[in-house]
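You will see two complexes here that share chain A, one where it goes with chain B and one where it goes with chain C.
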Partner chain A sequence: MTTTTPTAPRAGASAGGRPPAGRAGVLRRTMARREARIGLLFALPAFLLFLTFRFGPAIAGVGLSFFDYTIGAGAEWTGLDNFRRLVVDPVFWSALRVTIVLSILIVPVQLAISTLMALLVRRAFRGSRFFRSVFFLPVVTSLVLAATIFTWVFSTGGPWSTLMGLLGLPTGSWLGSTVLVLPALALVAIWSRFGYGMLILLARMQDLPRELEEAAAIDGANGWQRFRHIIVPQLRPTLFFLAVIETTASFQIFDLVYMMTGGGPARASYNLVYEIYNQGFKYFDLGYASALGVVLFVLTLVVALVQRSVIGKEK
Partner chain B sequence: MTTQVTTPPPAATPPPTATPARGRRPRRSGMEPSLGGKIARYVVLALAAVVTIFPFYAMVVLSLKPAAAIEFPASLLPTNLGTGAYERVLSAGGIGTWFVNTLIYSAVSVVAVLGLSAMAGYAFAKKRFPGRETMFWSFLAMVMVPYHVTLIPTFILIAQAGGLDTYWGLILPTLANAQAVFLMRQFIMDLPDELFEAAKLDGASEWRIFCSIVLPLCKPILATLGTFVFLWHWNDFLWPLIIGQGTEHWTLTVGISSLQQQDVPLNMILAGATISFVPIFAAYLVAQRYFQEGVTMSGIKG
Partner chain C sequence: MTRTTQRRTPSTIRRGWTAALAAGSLGALAACGGGADTGGAAPEPEEGAASGSVTMWTYPVIADEAAHKAFWDDKIAEFTAENPDVDVTVEIYPWSGRDETLATAIAGGKAPDVVYLIPDQLPKYAKSLAAVDNFVADQSAGLRENAKAAVTVDGDMLGSPLLMNAKPLVCNAEAFEKIGESGNYPATWDDLMALAPKFQDAGYDVTNYWGAVDATLNESFYPLLWQAGGSVFSEDGTAVAFNSAEGVEALQFATDLAQGGYVEQDLLTTIPAFEQTHTAQGKIACTWQQGPGDVASFWGEENVVVLPPLSKAESIGYGTVGGLSLMNTAEDTDAAGKWLAFATSDAVSAEYAKAAGWFGPYSDQTGLYEGDELMTALEGTLDATTAGDLNEKSREVMGVLAPEIQAALIGEKTPEQALDDAAAAAEPLLR
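The block that comes next holds the complex of A and B.
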C-alpha cells in the first residue's frame, strides 16, 4: 500500500506505474483478455452445475406449478388449477397451520435457551469448554439419529412419559396425541439446534466491549438489569438474524416428521414439506407438489424480506 | 423465559448467600458471579448437559442390550451388555453397503465441492471477466431459495437422465453449492495480489498458480468448509431417500429409517444408529474447532 498520491492516474498499480502507451498498452490488453478467459474457465464448472441444479430447477419449480405433470405421462398446462385446488384443500390449510404452529413453538423457546446457555458459558471457567462442546454435539448429529432415539424417549412407558408420571401429569405417549405431538417434535428440534444459536451468540458476545457492563455493575445494576439493558440491545441484530434462520429451518422440518410420526396422528403433525414429499414422491403429482413448493417459497421470502428491512435499518 | 437468566431456581441459589455477595462483589471486579451464582450456573449447565447427552447415552446402552431387556427404566443401567445387536445388524447385510455409500457420497462431494468452489472463488475474487457480477449475484440470490422448491425439478431432471439409483445421480446435484463459492471468494479476496503477480512474472501457468499458491493459502478455509460439507452429506436424508429407490444406493440415514419402519427390534436400530454416529463423533472429538467454525460460518451466510 504505497500511497504515491500525485502520480497515480490509473488503478492498474500492479502492472507498474508506466503510462499505457504503445506496446505496453497492447500487452496489457492481451493480458486482460487472457485474464478474462482464465477467470471464465475457472468459474464455469461451478456455474454450470449451479445453473443446472439450482437456477434452472428454481425457475422450473415455479413453472411446473402451472402444469399437471406426471413422469411418463408428460405435462399439461392447467394455469392456476393447482393453486385453486390447493386453496380449497383442507389438507393444505392444516399443513400450513402445522408448519406455522411448529415454528411458533420452536423459535422463541430455542432462542431463549441459546441465549441462556451462551450467557452461562461466555466467560472461561473450569468446564466452560466442555459444556460448549456438549451443547454443540446435537448440531452435528443427524436428525434421523435424533428421531430414532427420541421416538423411544417419547414412547409409552419411555423416559418422557415416566417423567410426566412423576410430575403427576398424564403418561400417554405425546407422539400419539393430536395436541402434544407438535410440542414433542418441537422439543426434539430445539434439542438438536439450540447449540447452534448458542455458538453464534457467543461469538457476538465476545466482541462486545466489557466496559459498558462493568460501568453498569459499578453503578449498582444487578445481573438482570445488565442483561436486559446492556447485553440484549447489543445482541438484537444477532438475535434477529437467528430468529429468521431458525424460522426458515423450522418451516423445512422433514426428517423428524417422516421418522417419528409420519404426519400423524390424524394429520396433527403433517406439515407443508411432508405434504410436498407425499404429493411429489408418493403420488407423483409433481405439478401440485411444485405449487406447494411455491407457497413454501413465498412463506420463506416473507421472512427473508422482513429480515432485510430490519437489518437494513440497523446499518 | 428469559427471566431464568438471572433468577435461577430458588432451590439452587440459597438467598442468604446470594444477597450479601452481591453487595460485596462489585467493588472488586464488577461482574464476577457470587458463590451462589456460580453454584447456580453449574447446576443449570449440568442439568442442560445431562438432557443433551442423555439421548446419546441411551442410544449406546440400549444398543448393547439383548432385545428382551429393553424395558424402561431398568434398561438404562449399563449392565448385562453384549454386542449381539451389532452382530445381527451387521450380518443382516445392508449396513456395510450403506456405510460405504455414505462415505462415497460424503468424500466425493467434499473433494468436488472444495475444488470447484476454490476455482470459482479465485475467479470471482481475483479475475475480471465479462458477466462476473451477474454470475456472482445469481449465486447469491439462490441461497435464499429453499431446497424444497428446487427438489422436484431436480428429481425430474435426474430421473429423466437415468440417474435414479446411481452414484452420480446422488452426488452431482449436491455439488452446486452457492455458499461454498461465496465463502471461498470472501477468503481469497483478502489474500494479497502480490503473491499471484510474482508467480505470474516468473512465468507460472494459471493452473500452477492455483494449485501451488492459492490452494495452500486456502488451507484454513478449506478445512472448515470441508468439514461442513462432509457433515452435511453424512447427515443428509431427503435427497438420498428420493434418489435411492432400491436398497443398493441407500445411505446410512435412509437405511436406518427403513429399519425403523420395518419393526426391526429397537436394539438393532440403535446399533445401526450408533455405527452411523461413531465416525462423526470421532471426527468431532478430534476437529471440534472446524465443526463449530464450519457450521456457524455457513449458517451466517444463509
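The block that comes next holds the complex of A and C.
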C-alpha cells in the first residue's frame, strides 16, 4: 500500500496546475520594494533627527578639531596643531591614564556582578520579582543624588570609613586619597550600573534551553562546570554587547567625577571627559576640546574592536 | 512692549561626549555665521532719546523671583518713560550653566544685547563685548576704585558695575568664648596660627579651606597670595607670578593649616553639602571663604563677627562685582548702551543692591543697611577687597594651579614644587 499526501496548490499557482508565472514573481518583488519604501518613509523622521542632532554634530566636531576656535573670536584653521598639543600635554596623558584605569576597575567587576545577580534571580522563587526590582533600582536613581550621598558615605567620618575601622583597615576619606579615589568612584559606578547588565543577562538566560543544563547535571557536572561550559558560551554575544556598552559608559563617566571629586585630589580622578568639558565649556577652547573628543572616540572604537575579537568572536 | 521673563535651561551638560558633540555643532554654526567682531572703538551715545529694542539677560541676583521680575518691570517703565521708542526685555536665567548658555548663544548669533557678568567672566567674553566708557562717562567717576578696576580690561570698561560684595574675615564669637579667648580675634596669619592648637584641643577647626579643584581659588588661595604681597600674574599679564616667594609663603601657610589638622580634611578634596560641613555645624572659629549671610543662620546672628581681611604684608580679601556688559553684536547699540547706563546708575544700583542683599559699587552708597550691624560692618570692608587680575587665561591658569595646590595640601608635593609645576603647566597657556 502506498500512502500519498495531498499537497495544496502553491500560492501563485494557476488553477490549471501550471508553475508560477513570471508575472507573479515580478508582482511580489514590486510589493516588497513598495513595502521597503514605506518602511523607509516611516524611518525617515528618526533618521533625519539622528543625522541633524547626532551624526552631523559629531562630524562637525571632527572638523572643529582642526581649528583654533574660541567663542567670540572666530575660527582659524590650525591643521594638526590641536593633536600635536595633546601629545605633549601632561594633563591629557594623565586624564587618559585615569580613564583607562577607571574602565579596567569597573567593567570586569560590573560584568561579573551582573552575571552573578542574574544567576541568583533567574529562577522564580518567592520574592524573586522584588529582588529583581531592588537590584535594578540604582539604574533609575539619579546619579547626582547618588553622588551626593556617596560623597558623604566616603567622607572622613562617613559610614565607609567607620566600616574600614571596624575591619581593622585604615580609616579616612577615600575621596581624599590619590590611591583610593578611583576604587571609590568605581564602586559607585558599578553600584549604579550592574542592574542594567543583570536585566539584559536575565532576559538572555531565560531564553536558554534548560535541557542542556539538565543533561549535564545528569552526567555529573557540578554547578560551576554547568555555568562555565554551558551557560557562559551561550551568553557570549550578550556579554560582548554588555562589555562594549559598559566600556563606553565607563569612558564617559562625568556626573560622578563632577559631583564627587571635581577630578581631584591632585588630578587623581581627572578623566578625559572631564578634560573635554573643562576645555570646551570652562575655557571655551572648543578646537582642543574637539580634538580630545576625537581621541576618546578612537579609543572607544579600538577597545570595542578588541573586545569583539576576544569576547565576541563566533566559533 | 516691555516684559520680564524667566527662562529655564538644562543645568549642566551631563556627559562630556555630549559636550564634544555640542562643541561640534558650535563649529558648524561658526562656519555659517563667521566670528564676532573684535576690538574696535568704544561706541558713542547719540543725542536725544534712543529707539530700538534691547534684550538683557540676568540671573537670580534677587532670589525672590517675583520681586526680581517686579524690580525690572518697574525700571523698564521708568526708562521707557524717557525713551518711549525703546522696547526692553529682561530675561532671568538660572545661575547654573550660565556660561554654556551664553557661549552657545553667542556662537549661534542669538546673544542678548546686555548681559550680567562678573569680573571672572569678562576677559573670556572680551572679544564679544563693546567698551561702555562713553555711555557711563557721567557716572563712572563716582565708582569705588576697586569696583571700576574689576570691570576694566586693557584700559576699557567692559561692563558697568551694578553691585558688589566682600569676603573679609568672619569669626564665630561662641567658639572664642568656648576656648576662653573671647574677643581675641585674629588680625594676622600669625594670630590665626597661634590660636589653631587651642581650637583643635577644644574640637574646633581654626578655619576652613575649600581645596577641591572645582572650588574657585578667588576665595581660597588667592586672598592668601594677595595678603602675602603676591599676585597671580605678572604686571603685563604675560606670565604667571604665583610661584614667587610670596606665593610659596601663602601656600606654606595653607599647607600648615591642612597638615596640622586645623581645617576640615574633607573640604580639601570634596565639596560636600554645606549643611554637612564643620562650618555649618559651628565647629569652626573663623573663615574668609563664607560671608556673614552664609553662616548667620547656623551660628546665630549674635555670634557672627565681621572683621577686616587677614593680613600678612597687607590686609586684603576677595570681593566680587556684578555688572552689566554690552555685547558688540547689539543691533541698537545706542538704546542698549543707554539702558545699561540707566540700569547701573547710582540710584538704580543702590535700590537693586539692597533688594539683593548686596552693596552698591558707588563711593557715596554708604549706610544702605542702617541699623543692621553685620551688614554695616561688611560694608566697611568693601574697599579692602579686590576681584583679582583680569586675564584672558585666568580660568585656565586656575585649572592648572588648583590641582597642584591640592597636591601640596594633602602632602603629595612641597609648596615650592607644586607652584613650580603649576607655573610650568601654565606657561604654554600664556604664549
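What we mean here is this: the second predicted complex is superposed on the first by the 252 of 315 C-alpha atoms of A that agree within 3 Å, B and C clash if a C-alpha of one lies under 4 Å from a C-alpha of the other, contacts with A are read in each partner's own complex, and residues count from 1 in each chain.
By definition in this document, a residue touches a chain if its C-beta (ideal position, glycine included) is under 8 Å from a C-beta of that chain, and two chains touch if they have at least 3 such contacts.
In this text, all values refer to a predicted model and were calculated from it rather than measured experimentally.
Engineer: Following superposition onto chain A, is the placement of chain B relative to chain C best described as a clash or a fit?
Structural biologist: clash
Engineer: In the superposed arrangement, which partner chain does A:G293 touch: chain B (first), chain C (second), both, or neither?
Structural biologist: both
Engineer: Is A:Q206 contacted by the first partner chain B, the second partner chain C, both or neither?
Structural biologist: After superposing on A, A:Q206 lies clear of both chain B and chain C.
Engineer: First (chain B), second (chain C), both or neither: which does A:G56 touch?
Structural biologist: A:G56 sits against chain B and chain C alike.
Engineer: With both structures placed on chain A, which of the two partners, chain B or chain C, ends up touching more residues of chain A?
Structural biologist: B
Engineer: Touch test for A:Y277: chain B only (first), chain C only (second), both, or neither?
Structural biologist: both
Engineer: Of the two partner chains, chain B (first) and chain C (second), which one does A:T30 touch, if any: first, second, both, or neither?
Structural biologist: A:T30 sits against neither chain B nor chain C.
Engineer: Does chain B (first) or chain C (second) touch A:D255, or do both, or does neither?
Structural biologist: A:D255 contacts both chain B and chain C.
Engineer: With chain A superposed, which of the segments 23-31, 131-139 or 257-265 in chain B collides sterically with chain C?
Structural biologist: 257-265
Engineer: On chain A, which stretch or stretches are contacted by chain B in one complex as well as by chain C in the other?
Structural biologist: Looking at chain A, the two contact sets intersect at 54, 56-58, 60-62, 64, 69, 71, 148, 151-152, 252, 254-255, 258, 273, 276-277, 280-281, 286, 289-290, 293, 296.
Engineer: Would you mind writing out the residues of chain A in touch with chain B in their complex?
Structural biologist: 14, 32, 35-43, 45-47, 49-50, 52-58, 60-62, 64, 69, 71, 108-109, 112-113, 115-117, 119-121, 125, 127, 131, 133-153, 157-159, 162, 191, 195-196, 199-200, 203, 210, 213-214, 217-218, 220, 222-224, 226-227, 241, 245, 248, 251-252, 254-255, 258-259, 273, 276-277, 280-281, 286, 289-290, 293-294, 296-297, 300-301, 304
Engineer: Spell out the part of chain C that touches chain A in their complex, as residue ranges.
Structural biologist: Result: residues 12-17, 19-28, 30-31, 34-36, 38, 99-100, 103, 106-107, 124-128, 212-215, 265-266, 268-273, 276, 395-396, 399-400, 403-404, 406-407, 410, 412-413, 425 of chain C touch chain A.
Engineer: In the complex of these two chains, what residues of chain B are touching chain A?
Structural biologist: Chain B reaches chain A through residues 1-7, 22, 26, 30-31, 33, 37-38, 41-42, 44-45, 48-49, 51-56, 58-59, 62, 71-73, 116-117, 119-120, 122-124, 126-132, 135, 138-139, 142, 144-157, 159-160, 172-173, 175-176, 178, 181, 193-194, 197, 206, 210, 231, 234-235, 237-238, 242, 253, 256-257, 260, 266, 269-270, 273, 276-277, 280-281, 284, 288, 291-292, 295-296, 299-300, 302.
Engineer: In their complex, what parts of chain A are in touch with chain C?
Structural biologist: 54, 56-64, 67, 69-75, 90-91, 148, 151-152, 155-156, 172-173, 175-176, 178, 181, 252, 254-255, 258, 260-267, 270, 272-278, 280-286, 289-290, 292-293, 296
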